[in-house]
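The data blocks that follow each hold one structure.
There are two complexes below, and they share chain A, which is joined by chain B in the first and by chain C in the second.
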Partner chain A sequence: MSKVRKDYEQSKWHRFSQWLNGEMPVEYKSSPEWHLTDEELSKKYEEDMERAKTAQRKEARLYAKYRSWPEEKGVHIYERVYRILAVLICLAVIGSLLITVSYLPEFGNSDNPVNNEVSKRYIEQGIQETGAVNIVTGMILDYRAFDTFGESHVLFIAVSCVFIILRLGIGKEKNIEDEKAKEAENDRLLEPKNDKILQKAAFFLVPIIFIFGIYVILFGHLSPGGGFSGGAIIGAGLILYLDAYGFQKTERFFTLKTFRVVSLAGLLTYAAAKSYSFFTGANHIKSIIPLGIPGHILSSGLILVLNICVGAVVSCTMYAFYVLFRKGDF
Partner chain B sequence: MEFIRNLPFIGIFLCMSTGVINSVLDGKWAKKVSFTVITANLFMSILVLYYVWQTKQSYIYVMGHHPAPWGNEIRFGILEGAFATFFCLIMLLSVLGGVKRLEEDISEKRSNLYYVLVNLLMAAILALTYTNDLFTAYVFVEIMTIGACGIIVIRGEGRSLLASVKYMIMSLLGSGLILIGLTLIYDLTGHLLMSNIQEAAQQLVKSGQYQVPFTSAIALISVGLAMKSALFPFHSWLPDAYTYATSASSAILSSLVSKAYIFLLIKIYYRVIGLSIIFQNKILNILFLFGIAGMIFGSLSAIRQDDLKKMIAYSSVAQIGYIYMGIGLGTTAGMLAAVFHIMSHAASKSMMFLSASGLSQVSGRSCNYRKLIGAAHRNRIAGFAFLVGAFSMVGIPMTAGYISKVYFAQAAIQAPYQFKMIITVITLGISTILNAVYFIRALIVIYQPLKGQKQGADGRRDFRMAVALWALVVTNLFLGMHSDAVVDLLRAGLRMFC
Partner chain C sequence: MKVIGLILLGFLIVCAIATCLSKNLLTSVVIFMSYSLIMAIIWFLLQSPDLAITEAAVGAGVTSILFFVTFKKIGVMKGDEEEDE
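Entry: the complex of A and B
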């Protein structure tokens, strides 16, 4: 109905329907005046044109001024205010955290709330209950094993995300072969190749690093160390070996398949072992796994197995991170 | 002990191990495994809910041979059972509805990784729902942070990469604040187990010791979780993340990930700090103000959008504001309304994201309003689901959103401070009008009659999305029409929550 009106385009309804449909509103300068005669109209038209020209010039000047303002000055002012505010807010947070720290219980005081029955039992009965001489390992792999289980899956989900972002050949790239060749080229140019000093050093160091890592994992329940730290050491050894000898040598024993098998086996063994002990523990069934004599290498029940699993997962994850960041593929 | 009490633990472990197994399967098998596991979890959660509803008490499940302050434990009562069931249901329907779009957005070789992330997210959500230990909660918060970034970035476009980087920065900042808060609480109480912390906290308040660090710990945890769930001033990551992710991811992010963080916050208030302490705390007033501001500014930004998905994303900011306003009222009635709104918003928002993707699929893959004209005639199911969702957001009777608005208004009237009551009631009114403005605009656009073109259903029908949308419509209408039963359940759950 409303379209019968001549000035329909100016009506509120028209603007409303434009807003509804997501169209930009069009501004109309003057309304058609249909009650005037032709002469008056032409005279008016000329006047209008004159006015329009001056107005356009004026507008253009103003427009240029305002158009350039945000790019020239506005951005600077915004950035400055933003930076000042950021610094002020950071200072406020730092200040309030420092004030908080000054009210905390004194460090190392024996009356602190932290020294309660929880840590007492860990220290006094940890060896009998878990069989691990290293109390920390006993704590993370036996008392609070659920947290550590989650923590190893944090690593796993992180490596999955790195796979999503960095791995070549699984995205939407058109020419995967070109991409891979380009990455390999980059790798040859930028990374050390046949560096004699590095190779000789790695020749002596890598076996020692591997053995030390394995020692740290296997003796995790007896001395400082455990799956996470030992796995990190082995991963560092693998990376050093890769740097010295290049991909051709490492691919003989470490490919994508190795990574998948090792991490899958590690995490599933971990899950199976821990679900057994959680299930028996919660249902008050006696666990059939013997704790052994504390101090022996084959002792402390499942902790040794779990340490090996965690170590395998961590070392593979470290190596996978390095390879994916360097070449985008195994 | 009855076997049924093992089900929460079995559910979490099943999700995590199948997530790991999915990484070696190919896309099709991973999808099957994922759907099976989530469905199994849904049934297990229903059994758990039925069990705790029958026995009317909550149970503690010790994880391992060592009892609670030394070992880990999980605890489940009515509220946990209800939310686990609900989260599993929404997860299942979100992935089911978005699976066709997913296959188009994500290359074949990568799609198994999506189901790895989905399974681990499901495990994290379940663990956050059931856990009774602050540090376990933090570990699964970490899994959820990384997983949520992964399901945005997996689309592999420039804009989704940028959105995910934005999200990651804000989310990690939130994680950092939560961690500082946890360390402070551990330092002051010497416990990580929720119920033990509450005892120690009550003694601290009685003796008046360490009030400053305790308050700042509460503030840090609240702000950290508020950042992760996109409360108003920290919402800058939200629109991009929800818009440029694939539709299943948007649904999961908006209705599960951010809601699980809010659930954790409510759990911390109830079980770690204690209601009597938190209701006296000034932190709630700040959350209240942020929530009120979010309700207004989120809606105002939504009105300005020309993109349907972005509009829905900004409307999420407003709805998160509602939830925090309910928490900020500082009464049990407010908490109840907030908890109900978590459910009703999750049910409507996942439906809206799925139906937006359904509408854009028949409009040239664009969510722009100009392209969407008459889209509801081309895809009737998506149009109807969008209609129900929009009605629910505005608060038309018979939908879930109406009930939560009624409960918010009731809670506001019972609030102890008159000031809060007046502000809440006025803002509820303004926000409802603003919601109506942008949702009715969208409805008019998608239901505009087409001239010349053939009206009718599109040839390429997405059966799985239709099933998911119908199920979500039914869930929403169930929440709206049988709200008494649900609210009774939640009230009983909250009573045994502390």
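Entry: the complex of A and C
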């Protein structure tokens, strides 16, 4: 028999074989406390616990300090920095704008870059070339008709975005429909129902507003105004009518289908008339429609038609905005 | 005519500052409406009646109405009434 060494249990080989067999964690054996007696061990354990407790208390105090910092000091510092920064940014913006203004050319000076051959051409030959007495409309809807085309599409896109955001789901599921009905009901509860003063005022005002709006649209090429202003006036009149008489009366003549048809018809007519600029660039195609006598209502070629298109789109857009804000649906 | 223009410009600045500083949202929007109306008159004095019509219809009319509807939807106006009571 081979001689068994007394310190075999301390030898590295023994520990390695134990670790290999998975009998005991090597760390336990290798810890310096393995040779201590039970009393010493328990004493050491108590000491460790004490240390841990003090450390925990210290940590808790630190955490409490960190947590209360935003309420005690942070808010004040934040408010002060916020105010100072707000004032500074305002002053910086005001200053830079004023400096820019001081570099602008003098108002009404004849040498200004605004007074170039373009505006001269517009003023001198606008009436002959477009047939519109109102030079502004002649510019907007003849020389720059393609820009206005884009503008009316911007309005349509805005209404589409409002549709996407605010429109409640169409009644495929029952819950949504119930919610929708509840919402509409709530909205009508908030209304002053059948307000006599509002109804009488609307009774006299709405027809006048409509006639004024139609006048502004139709005479856009003769007097101040045009499609956008007239459309906005008609839209405001529609909103007043809706507020006075409620949804049931307006839904008789203005539904989602009306909105779709009118907007689409307006935009398509405009596109058919003026979207050729996509292909010709800045080149004008001569219109076959006679310009007529400037000052007559049936004159200036396509401008009257385009005014009506823009007016229809704008009035529908204004009304649709209001209805979608109010009810979330038509 | 120049004096009227200057007075209107002064009103415009007062309205702009009051819109920012008023605590009540409803008051703010009403002041904003008057701002748009004054702006419309100034457009007219600057000989651009086209813009004046549009400003009056859109700025003073439709925008404010949309503001009011939004306030009603998010319950701001209701809260104000409760405070007043």
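Simple rule for what comes next: the second predicted complex is superposed on the first by the 261 of 330 C-alpha atoms of A that agree within 3 Å, B and C clash if a C-alpha of one lies under 4 Å from a C-alpha of the other, contacts with A are read in each partner's own complex, and residues count from 1 in each chain.
Everything below uses one rule, namely that contacts are C-beta pairs under 8 Å (C-beta built on N, C-alpha and C of every residue); 3 or more make two chains touch, one makes a residue touch a chain.
It should be emphasised that the depicted structure is a prediction, and the values quoted were computed from it without experimental measurement.
Chemist: More residues of chain A are touched by which partner: chain B or chain C?
Modeler: B
Chemist: Is A:275 touching anything from chain B or chain C once the two structures are fitted on A? First, second, both or neither.
Modeler: A:275: touches chain B, not chain C.
Chemist: Using the superposition on chain A described above, determine whether A:108 touches chain B (first), chain C (second), both, or neither.
Modeler: neither
Chemist: Report for A:22: first if it touches chain B alone, second if chain C alone, otherwise both or neither.
Modeler: In the superposition, A:22 contacts chain B only.
Chemist: Could you say whether A:226 touches chain B, chain C, both of them, or neither, answering first, second, both or neither?
Modeler: Second partner only, chain C.
Chemist: Going by the contact rule set out at the top, does A:321 touch chain B (first), chain C (second), both, or neither?
Modeler: second
Chemist: Hey, which residues of chain B end up touching chain A in the complex?
Modeler: Touch list, chain B to chain A: 1, 5-6, 9-10, 13, 16-17, 19-21, 23-24, 61-66, 69-72, 107, 109-110, 113, 116-117, 120, 123, 127, 133, 135-136, 139-140, 142-143, 146-147, 149-150, 153-154, 156, 161, 180, 184, 186-191, 200, 210, 212-213, 216, 306, 368-370, 373, 441, 444-445, 448.
Chemist: Under the stated contact criterion, what part of chain A meets chain C in this complex?
Modeler: Within the complex, chain A touches chain C at residues 134, 136-137, 190, 216, 224-226, 228-229, 232-233, 235-236, 239, 318, 321-322, 325-326.
Chemist: Which residues of chain C touch chain A once you look at their complex with the stated criterion?
Modeler: Residues 48-50, 52-54, 57-58, 61-62, 65-66, 69-70, 72-73 of chain C touch chain A in their complex.
Chemist: Spell out the residues on chain A that touch chain B in their complex, using ranges where they run on.
Modeler: Result: residues 19-23, 96-97, 99-101, 103-105, 112-119, 121-122, 129, 142-147, 149-151, 153-154, 156-158, 160-161, 163-165, 169-172, 260, 263-264, 267-268, 271, 275, 277-284, 287 of chain A touch chain B.
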